Amino acid sequence: MIRFECDYNEGAHERILQRLISTNMEQTSGYGKDAHCDRARSLIRQACENEKADVHFLVGGTQTNTTVIASILRPYQGVIAATSGHIAVHETGAIEATGHKVITVPSEDGKITSDQVKAVYDAHWNDAAPEHCVQPGMVYISQPTENGTMYSKAELQALFDVSRQCGLPFFIDGARLGYALASRNCDMTLADLARLCDVFYIGGTKIGALMGEAVVILNDKLKPDFRYMIKQKGGLLAKGRLLGIQFETLFEDGLYLEISQHAVDMAMLIHDSLVEQGITFLYDSPTNQQFPILPDDLLQDLRSRYSFTFWEKVSDTHSVVRFCTSWATQRENVDSLIRDISHALNKLKACV
Amino acid sequence: MIRFECDYNEGAHERILQRLISTNMEQTSGYGKDAHCDRARSLIRQACENEKADVHFLVGGTQTNTTVIASILRPYQGVIAATSGHIAVHETGAIEATGHKVITVPSEDGKITSDQVKAVYDAHWNDAAPEHCVQPGMVYISQPTENGTMYSKAELQALFDVSRQCGLPFFIDGARLGYALASRNCDMTLADLARLCDVFYIGGTKIGALMGEAVVILNDKLKPDFRYMIKQKGGLLAKGRLLGIQFETLFEDGLYLEISQHAVDMAMLIHDSLVEQGITFLYDSPTNQQFPILPDDLLQDLRSRYSFTFWEKVSDTHSVVRFCTSWATQRENVDSLIRDISHALNKLKACV
Amino acid sequence: MIRFECDYNEGAHERILQRLISTNMEQTSGYGKDAHCDRARSLIRQACENEKADVHFLVGGTQTNTTVIASILRPYQGVIAATSGHIAVHETGAIEATGHKVITVPSEDGKITSDQVKAVYDAHWNDAAPEHCVQPGMVYISQPTENGTMYSKAELQALFDVSRQCGLPFFIDGARLGYALASRNCDMTLADLARLCDVFYIGGTKIGALMGEAVVILNDKLKPDFRYMIKQKGGLLAKGRLLGIQFETLFEDGLYLEISQHAVDMAMLIHDSLVEQGITFLYDSPTNQQFPILPDDLLQDLRSRYSFTFWEKVSDTHSVVRFCTSWATQRENVDSLIRDISHALNKLKACV
Amino acid sequence: MIRFECDYNEGAHERILQRLISTNMEQTSGYGKDAHCDRARSLIRQACENEKADVHFLVGGTQTNTTVIASILRPYQGVIAATSGHIAVHETGAIEATGHKVITVPSEDGKITSDQVKAVYDAHWNDAAPEHCVQPGMVYISQPTENGTMYSKAELQALFDVSRQCGLPFFIDGARLGYALASRNCDMTLADLARLCDVFYIGGTKIGALMGEAVVILNDKLKPDFRYMIKQKGGLLAKGRLLGIQFETLFEDGLYLEISQHAVDMAMLIHDSLVEQGITFLYDSPTNQQFPILPDDLLQDLRSRYSFTFWEKVSDTHSVVRFCTSWATQRENVDSLIRDISHALNKLKACV
């Protein structure tokens, strides 16, 4: 079975493993107070071109979203997100479990607009009795989105501007951030993104690390006491150095972007090949997740050799599926997938 | 600096690292649904002599305590624990953050008694208006305790009996469980312990693993839907296999107990040497944490070469400190510590 | 100013006030453990034709919804409701504040269908990884709805059947229940409704009482320890007798339905008069809330003498507003409103 | 049965009932936005000599404590209170249900000291890893306490000073506030108290009202959005005017203090009579709750005619009980109680 079902099918980049081995018997303090974490924090601050940013390491995405959001909202506030946002659908109500509503706005492709944010804000404050409703308290987006789509720099700027104007902290979930930054039509750097939000995180789990997400807090008001939140929400790893060592490795010489680039290149091979054969896609994704619309018969055949994610049926004969590439995807497997799909499509055409 | 301040100063046992390397490019499903997790679950069930036990892997201790406790209690219930229990003092209110009171009972040495549990239960139900008070809903202990002390099999039996009698699930926090099982006066096996509670966990973070705790659910009523709780509380690791691989390694040929034994042996060297020199201890600990009462002057000197934890002052001239050993503690460091303390004590005696 | 903006503009039915006076210096136990509460509970059980029902008195609607829902759901479960459901939009996230998601389904008129419930249930359990999503844990509807519409007995039966089939407790918010039971096309009695759900409440605040809602628990599994929930959520009134006395008065000789009937009659006068004049309505409401679509100019004029609720704009020239009647609505005020609207409509027609 | 078991055995002061009747058919806006609430707010501000205070009306004590505390604390903070504080023992974990620990400090008589607050604060911030513990976030006391005891002005000043110094909002639970202000050794006015805290509430339920507590927020930082909190926590009464009317009546011409005085006078009759007969008390209470230590035989006899609260056994032959008086206590009942106890004591002495 060759797996394209997600971007966390393998372990970690070998350089990370090597570093874990070489540092294994070092004795360090716990809970992120060690030299590796310090260095990783420093490298990330440099990459963000912000020497004052606070950087914290957590273990996983749901945990990170919950911790950041719960640290920001007042008890009667909610977080604005796309209906398809990870926090809205795939975290088993983790946000609600901390007492907060996810205020969803509709989205076709996983993205939301500054106009939507403004509309939610205005609707609330124009209500004759706003205190009977959840108050919008912050804005959440994913870059790239859960659908592989990506915000342009101008779109982020517009979202950040409207958030500022409304007094709403703007949080970017970067579980797959590298795959956006490495995409061929990306018009921003990590530093650009760090200038266009109040807090975001850099995903490690899906990009080369065993596990780990680096939260970067830009807004001074959101900085105090964040470690209390991490500890309470179960994210303060005893051997915090494990996260430090991994992010150190990912950020000391560009490894993070380098392996992200590989994943995107692999995804584009699949994408371009399918386009060539006239296949259309549910979402226009320039990143590591591809959502082609394919004949059910073809998919049925494919399943014997490849794993991928069923997304939705679009007609009696066709479905959308998701193929993910990652830092670990091997070129030969991609070639094989392309070949097998191509072959199957040709056979189908021949039948008609 | 030689570190004795805690039992998570190093990385992982080398066999675990080797296994991570050898499995690194295997492609597996996420979230604990892979062959390594399956095998680890099976090995743990065998070690517990309970083929029906549910086994789940989480990342850290606070997360595990929170997830287990929140999965058991009804909204108006609390968990009975020692005033010194980890959940009562060192988890930043994680239990309260899920809506539940920690109902503390006093303890001199970290242990609680079945009589104390019964008394809390009776006091509640004998109240004329119990519904104005938090209802006791379960019992929490640590084995060994945060003070290094240990429950005997008879004590566990008594706690389990009274819990059953009161209808209270009995949960054992085993963050350092190996260090209890390997202690020289331990009168129980892992399988014994698994027969004497409703749910417990086997700590990996402090005993050889990079991170990871294995929750073992014995009581059928507590089994359904536990994965929802893990996901919501941020403990469902995307690359769940990392936990599976580690527990597989720890349990396939007795490594867990073997390295626990080493830690306890090292602790006993320190303990016996100090006893020989007339030093007394705050707690009578047969496990990897030792709490000697030492002269402040000596401690001041020791700090230049060793790290350890200040516990409390007991007089104008003496303090209690904590020395921890672990699976990774090196004999030569222990010898050096013993020698330096011994030397200092002799100097002090000479002065008098 | 003549007020039609809501159904809680006045105090209480005079018989309730008289009873409060006549019982004022009686000495009773607190917290609902008094003879008045006992008698009220008994009268409600009789009206529900269910001698085993548990009846509890709480103070307000948001409190009641929160207490009931939080008492039922497991931490990872959510409650299915219409997007327009009171708990979804007008309770400042009270449900989320207890840790639970409101799983909304679209609704044009405030009602949801058994098919919608089934679809949510099936979608969850057919998911390949349901534990990543909030589990549907119960069903919430309002009878009548927030839009004045009403479920028929067959619709309730279908909802109850599907809920049973899915193992989801079915909860009916009856903040305005009397106004449904008294409506001219109501095909059910209170006892019928009590046979078609697991738990519901009978609203007092909007129907004759100073305040107070009577929760009726039919399902034995939902009965234990409910008083703990009431106390914790702040609903256990010290002078519980106040609620007992009021529900005693409302239920001892049919007062509840009698005054509900009056409100509906008043609403129908408005409704029928507007229909006669060709006015259409946003919702087809047979209860005490009416949502006519009226010219903005007319509404502007009306505002100098009457208060009512702006609902939404439907065109450049027309808006929907809400008129509420209640047990306290005076016929002469209704006549005056009808006359003034009629007069204004005629004037507008004359202009055209 | 003559009841002395609590201070909410009767309905409301007759002037309040009269006012409810005379205003009953007035039409007002809901949720506390009416002229009665406005006037009551204004009267309370005058009594507090603070024109900028925010005044809000809630229904009950547990609800009020929960709402105020949850509005102040950050998610990782707890509230410092006496072990005997109402929030620590008699609210079914309502505070914990909003996510917060009650950090208890020991108390013999229900009072806590500024030194205790300072010690908790210092212990937290001197900890090497404070983020592993709940951060003290505010201070809660009751005036008078649950044991009838009272803080002097100097004690309040010291608590307020230390709270300020530590940056901890200081909250006074005044469920029985009138009974403190009216006590014979009270050295403060309502206005004094309002100068010595950040927020407090004036209890109505136990002093003349049917129900209702008036929260007074002095500290500007605690004022924004408090109505959202009230709504979410179920305390925003639809017919808010009911609370306005009651507090208007209590504060327009001194009724609140006048009826508090009566309760204290009645309590002092009991107190002085028992002292005269050599009876000692568990707490030195100058307010409406008295805790005498009496022979069990005597108490057994007394129970046939009087209700009172068993507090605790102090020896094989004696127990502490609680007698409460209130605004509604009748002199003849007090005389009768005193006579019966006196008679019984004399009989017992004669036996010896």
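Order as written gives the chain letters A, B, C and D; numbering starts at 1 within each chain.
Please note the rule applied: a residue touches a chain if its C-beta (ideal position, glycine included) is under 8 Å from a C-beta of that chain, and two chains touch if they have at least 3 such contacts.
Note that the structure is a prediction, hence the values are computed from the model and not measured.
Trainee: Have a look at C-D, B-C or B-D and name the one that copies the A-D interface, over half of its contact pairs being the same.
Mentor: Copy of the A-D interface among the listed pairs: B-C.
Trainee: With contacts defined as at the top, give the pair, A-B or A-C, that has more of them.
Mentor: Per the contact counts, A-B leads.
Trainee: Please tell me the distance, in whole Å, between the geometric centres of chain B and chain C computed from their C-alpha atoms.
Mentor: Those two chain centres are 51 Å apart.
Trainee: For chain A and chain C, let me know how many angstrom lie between their CA-based centres, rounded off.
Mentor: 42
Trainee: Hey, how far is the Cα centre of chain A from the one of chain B, in Å?
Mentor: 34
Trainee: Going by the touch rule set out above, which residues of chain C reach two or more other chains?
Mentor: In chain C, the residues touching two or more other chains are 75-76, 91-93, 97-99, 131-132, 135, 228, 231-232, 236.
Trainee: Which stretch or stretches of chain B touch chain A in the complex?
Mentor: Listed in rising order, the residues are 1-3, 5-6, 8-12, 14, 17, 20-21, 23-30, 59-63, 66-67, 91-94, 97-98, 205-206, 210-211, 228, 231-239, 241-242, 328.
Trainee: Using the touch rule from the top, collect the residues of chain C that touch chain B in their complex.
Mentor: Against chain B, chain C makes touches at 31, 70-71, 74-76, 98-99, 129, 131-132, 135, 225, 227-232, 236.
Trainee: Per the contact definition, I'd like the list of chain C residues that touch chain A in the complex.
Mentor: Interface residues on chain C, with respect to chain A: 75-76, 78, 89-93, 96-102, 128, 131-135, 310.
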